[in-house]
Amino acid sequence: MIKVGIVGGTGYTGVELLRLLAQHPHADVQVITSRGEAGVPVAQMFPNLRGRFDLAFAVPDIKQLGACDIVFFATPHGVAQAMMAELLATGTRVVDLSADFRIRDIPLWEKWYGQKHASPELVGEAVYGLAEVNREAVKNARLVACAGCYPTAVQLGFLPLLEAGLVKPDSLIANAASGVSGAGRQAKVDMLYAEVSDSFKAYASNGHRHLPEIEQGLRAIQKADGEPAELTFVPHLIPMVRGIHATLYADLVDETVDLQKLYEQRYADEYFVDVLPAGSHPETRTVKGSNFCRIAVARPLGRNRVVVMSVIDNLTKGASGQAVQIMNIMQGLPEKTGLENLALLP
Amino acid sequence: MIKVGIVGGTGYTGVELLRLLAQHPHADVQVITSRGEAGVPVAQMFPNLRGRFDLAFAVPDIKQLGACDIVFFATPHGVAQAMMAELLATGTRVVDLSADFRIRDIPLWEKWYGQKHASPELVGEAVYGLAEVNREAVKNARLVACAGCYPTAVQLGFLPLLEAGLVKPDSLIANAASGVSGAGRQAKVDMLYAEVSDSFKAYASNGHRHLPEIEQGLRAIQKADGEPAELTFVPHLIPMVRGIHATLYADLVDETVDLQKLYEQRYADEYFVDVLPAGSHPETRTVKGSNFCRIAVARPLGRNRVVVMSVIDNLTKGASGQAVQIMNIMQGLPEKTGLENLALLP
Amino acid sequence: MIKVGIVGGTGYTGVELLRLLAQHPHADVQVITSRGEAGVPVAQMFPNLRGRFDLAFAVPDIKQLGACDIVFFATPHGVAQAMMAELLATGTRVVDLSADFRIRDIPLWEKWYGQKHASPELVGEAVYGLAEVNREAVKNARLVACAGCYPTAVQLGFLPLLEAGLVKPDSLIANAASGVSGAGRQAKVDMLYAEVSDSFKAYASNGHRHLPEIEQGLRAIQKADGEPAELTFVPHLIPMVRGIHATLYADLVDETVDLQKLYEQRYADEYFVDVLPAGSHPETRTVKGSNFCRIAVARPLGRNRVVVMSVIDNLTKGASGQAVQIMNIMQGLPEKTGLENLALLP
Amino acid sequence: MIKVGIVGGTGYTGVELLRLLAQHPHADVQVITSRGEAGVPVAQMFPNLRGRFDLAFAVPDIKQLGACDIVFFATPHGVAQAMMAELLATGTRVVDLSADFRIRDIPLWEKWYGQKHASPELVGEAVYGLAEVNREAVKNARLVACAGCYPTAVQLGFLPLLEAGLVKPDSLIANAASGVSGAGRQAKVDMLYAEVSDSFKAYASNGHRHLPEIEQGLRAIQKADGEPAELTFVPHLIPMVRGIHATLYADLVDETVDLQKLYEQRYADEYFVDVLPAGSHPETRTVKGSNFCRIAVARPLGRNRVVVMSVIDNLTKGASGQAVQIMNIMQGLPEKTGLENLALLP
């Protein structure tokens, strides 16, 4: 059994990790930490876990965490980087679900996150955790920085186009929308049911923290010789709990390509990426609670602009499921181990 | 592997059966029928099944069904009874999720369902499928009539009180509420999103078809010597997809009993019934997609009236999960096989 | 024009008051207070008010409030009682939407609200603001304590039965359910969209603060000679924004009465109480944003137990609409002035 | 009083018209038709109208309709055009909420709507009903074809940019999303609560019927000398009842313009168009049940692409409110008569 530790288990990515690890045949959660809730049984906070987890939240302890084979960080940004050097020194390996080690350009990180980076010397070592792009590098990594939720949906959607150099790099638009669980389990007026329900809005149109992460990822995917990808990214809030839907637009430079075939071939061997038949529209509910990304590609009226629709569950493929997929790779297990469950529909 | 057939797979209990059977280690779905959708791949209708089921809907064929070890009926009432005699003659065993064989009093069934019963001779043989009450009888049954959704939540809630004879039989009230999936996947104006959302109502207050089934079940549970249980049952429609919440009221005849202890002891060995600590209120989301029933018992202000709150997922413990639990018993498997997954929360 | 002041305008009853007063032909809002948001334009916090209210929140000032004809308190309990004596001394009249002056038994209030009452000498003077019961007393009151949301739905539902002495006083049950706006606009984890959505639960089953208010009201309605009404009251949380649905149960002492006629006659002259035809089930959406209470009465299977279903919008008839109705009475206006708008459906 | 007739009152635009006309001081609804529901009281189908409308649905009768001053068509496409010539001959004036007379290019209409146009000779006379663009022409029109819901939100959003010639005509993208009421009140499986709730999807990405209407409108707005506007339009379905949110993208040809000022000036005299302060994001709930359009404009990271966010209530400004606004203009009333009510929030 893989000995697993979780730092910061009181949020939605924490309870999702526990749900997924409960159905994983080789994982054994040994410790889950929370300073604020130390001593509280996890199943008291999340009653869906009753009967399955007897653990209580513990104060983080490097020694205890260091005794694990894998430690997940399901914390707000800033926490993982503060503990990382000491923790890695114990020899454990880390899968960080937070934004701390995703961006390689440290001043860029510091600008968007508004604070000094506490472990800049580890940023270079961190592997970006999006298996469909970076599988090999993950295998032997000590520290993996899992891709964010919007970045996963957007990058998997643009990937075949950018790899093939088929679109104008400055024409990229990602009109994305997320369910509310993406905002976390924190007491904020604007995430109250009575504020979110039966409404829809954009937010952060002038710059969301996931933009630099996505642009970094898109540029890494591009062919070397082009202009660097530039993205307009407008996120929206959907009155629903789970799911991200990214609607992507780009101007084609080659109008002769068979887009459907391109996507099907690129993802033929990717278990978690499902390219829908031509003419389809993916629904977020078809991936709810599962680790799949479903994608459809269209070219409206045969004009010169491609539209890609990409859906994931932000808590699963966009966070905790992706983290388990990464753990499987790091441990030499089949990637889908413990992640084969189907979406809950309806 | 258990060879499984499903009659009527285009509804919500059908897709839920497929989801659950996909994660069952010993079940192999060999045929799924629908006259109306014959030839359509199930994964086209329910894209969450993509990559997992290659089956297409088939026209029901007794021979093909008869070659299965177990046949589930996930059909509206009237369908199972019309095929049952011929199907049982093949030697297969049947788990019927519909209401066709639940009520032992045939004229009563005919009154509430407004039609002649097509197989009255089989009603006596049918075993009522609520494992927590009827486990032994299920083991060798040829035909099991699974308990309905409201009846499951209400009976499990009243069970300890009635077994112990602690409440006045004519004081029983079940104020129950269900998510919309209970109404099935049929085009009806009053189940449109724009009709149901952001609203709440009672329905069928003057008599719901589940009432005679529940009263039959409650009377079977009662001690032999009392007045027969009489229930006021008012169902309500909740703007949500899955879940039933039953709030039960009864007048105590013995005020000295420790209700919390009574419930905990009664369900100590029932894997799927979870009695919450005193003072708790079960939330339907803690059982979403899982086969658990969560129950809390209270005695407001110490007065003479007991309140029981009981929640299930109407599609899982209230239908398809219960059916798989029944199948496990019939096949001699541990009851929880394939049913251990935790609820999706949030 | 009636000069109106509002104390505490940052909650949902505050914005609802402003919405209703904006369409009132004789009301002019002169001041709206909030210590925490002083200086912030109300239309910045609630953009639906843009173009209609130029007011900014002001620090409460007795002189400024005292210059108004009517002052509404849309505050948490405890605030109104602290300011009341001083404010009434200015000669203004007060409509208090909070719970401060609803309960006449001061120790009872103090027990349920967990604090010392700050103006016990004013409690006796306060008129309970439920026009359908207390219209005459309201006319000349200086201080009206508006009925709470659950209490309004429950009292209007039981009223005809209790006035006529038709039910056993100890058999009363109110199974009520409310939309989320009833919990106010405060940052609480358990009111987040991701916590409330797609779920249903009871709460406060062992005693909700509205219980003593309701029991006081029911007893005031009863014929003098009977046992005092005793209520089992279990509230539930509905995943919707606005609306209360009360399902009421009682045991009949007279089985010969025509319940439908009783209700229709009792409410024939009440503009805001609408008795539905026999066999109906009121939906909360039919009163959304309106000041109506819709009621249906049933007697399931002709048995000896009556079921009443009563719906209101908790923010309108359950709070701010009721307050405007009270203001109209106090000002000698037709009760429905400014309150005739129909519910938003769908 | 204006004598009003409504053809086709059983849908959501029908009940919304009735709600708005109930609060209109000068309108008197004399007849409302439905073949299928003839004889059924409108308040039985829509209980929010109880006590306010005694009308029953009537079979359409030209004479009776012709006696009205204004007849609204709230019908599916194809109905209005079949009755129009005969009805106009009576001398009444018509406000058509359907798509029958919106598109001036008859073959284009026939292609997108898949049927022969029944009154091609009247298309030229019909005035496109979007007051902010076409107010003068509406005044004396006999037949006004109200702008559609998506077209209203998109055109009002792009209007200032196109009038001023500030964007590349082939760079226009409208990523729009609508609540479910836009699909009408028809029994369709894919509009069931259990299908729509807690999910999000695009639809009709390869061509929605509103696309030709929007492109026609945008081209009419453009300066005469440029390339004709070409729009990529992808609609999405939001799990909510009312509201449209359009997120518009275009490439600027002039980067020096003050976009905020441009929008504020363009709409300074438009009562129903509210330009939000810079940095804002309009929420659909701030216009729910009201006739307002709220707009914000942004230029993310100061790059060369403008983003406009435009929200309306699809049933009000997107349909019935717009129709009443048009009626007011036709009758010489102030445009906002009966339409001043504020959005229901929360």
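Labels for the chains are A, B, C and D, by order of writing; each one numbers its residues from 1.
As a convention for this text, a residue touches a chain if its C-beta (ideal position, glycine included) is under 8 Å from a C-beta of that chain, and two chains touch if they have at least 3 such contacts.
Since the structure is predicted, the reported quantities are computational estimates derived from the model, not experimental observations.
Common partners of chain B and chain D, by the touch rule above, are A, C. The chains in contact with chain A and with chain B alike are C, D.
Interface comparison, C-D versus A-D: the pair with the greater number of contacting C-beta pairs is A-D. Mean C-alpha position of chain A lies 39 Å from that of chain D. Each chain gets one centre point, the mean of its Cα atoms, and the points for chain A and chain C are 45 Å apart. Chain centres here are Cα averages; for chain C and chain D they lie 37 Å apart.
Those residues of chain D in touch with two or more other chains are numbered 12, 179, 181, 185, 194-195, 197-198, 239-242, 282-283, 285, 288, 346. By the touch criterion stated above, chain A contacts chain D in their complex at residues 173, 175, 177, 179, 194-195, 197-203, 205-207, 230, 232-234, 236, 238-243, 245, 247, 249, 279, 281-285, 288, 298, 300-301, 303, 305, 307, 309, 311, 346. Residue ranges on chain C touching chain A, taken from their complex, read 12, 179-181, 183, 185-189, 191-198, 239-241. Note for the complex: chain C touches chain D at residues 12, 15, 19, 22-23, 46-52, 181, 185, 197-198, 241-242, 271, 274, 276, 282-283, 285-290, 294, 340-346.
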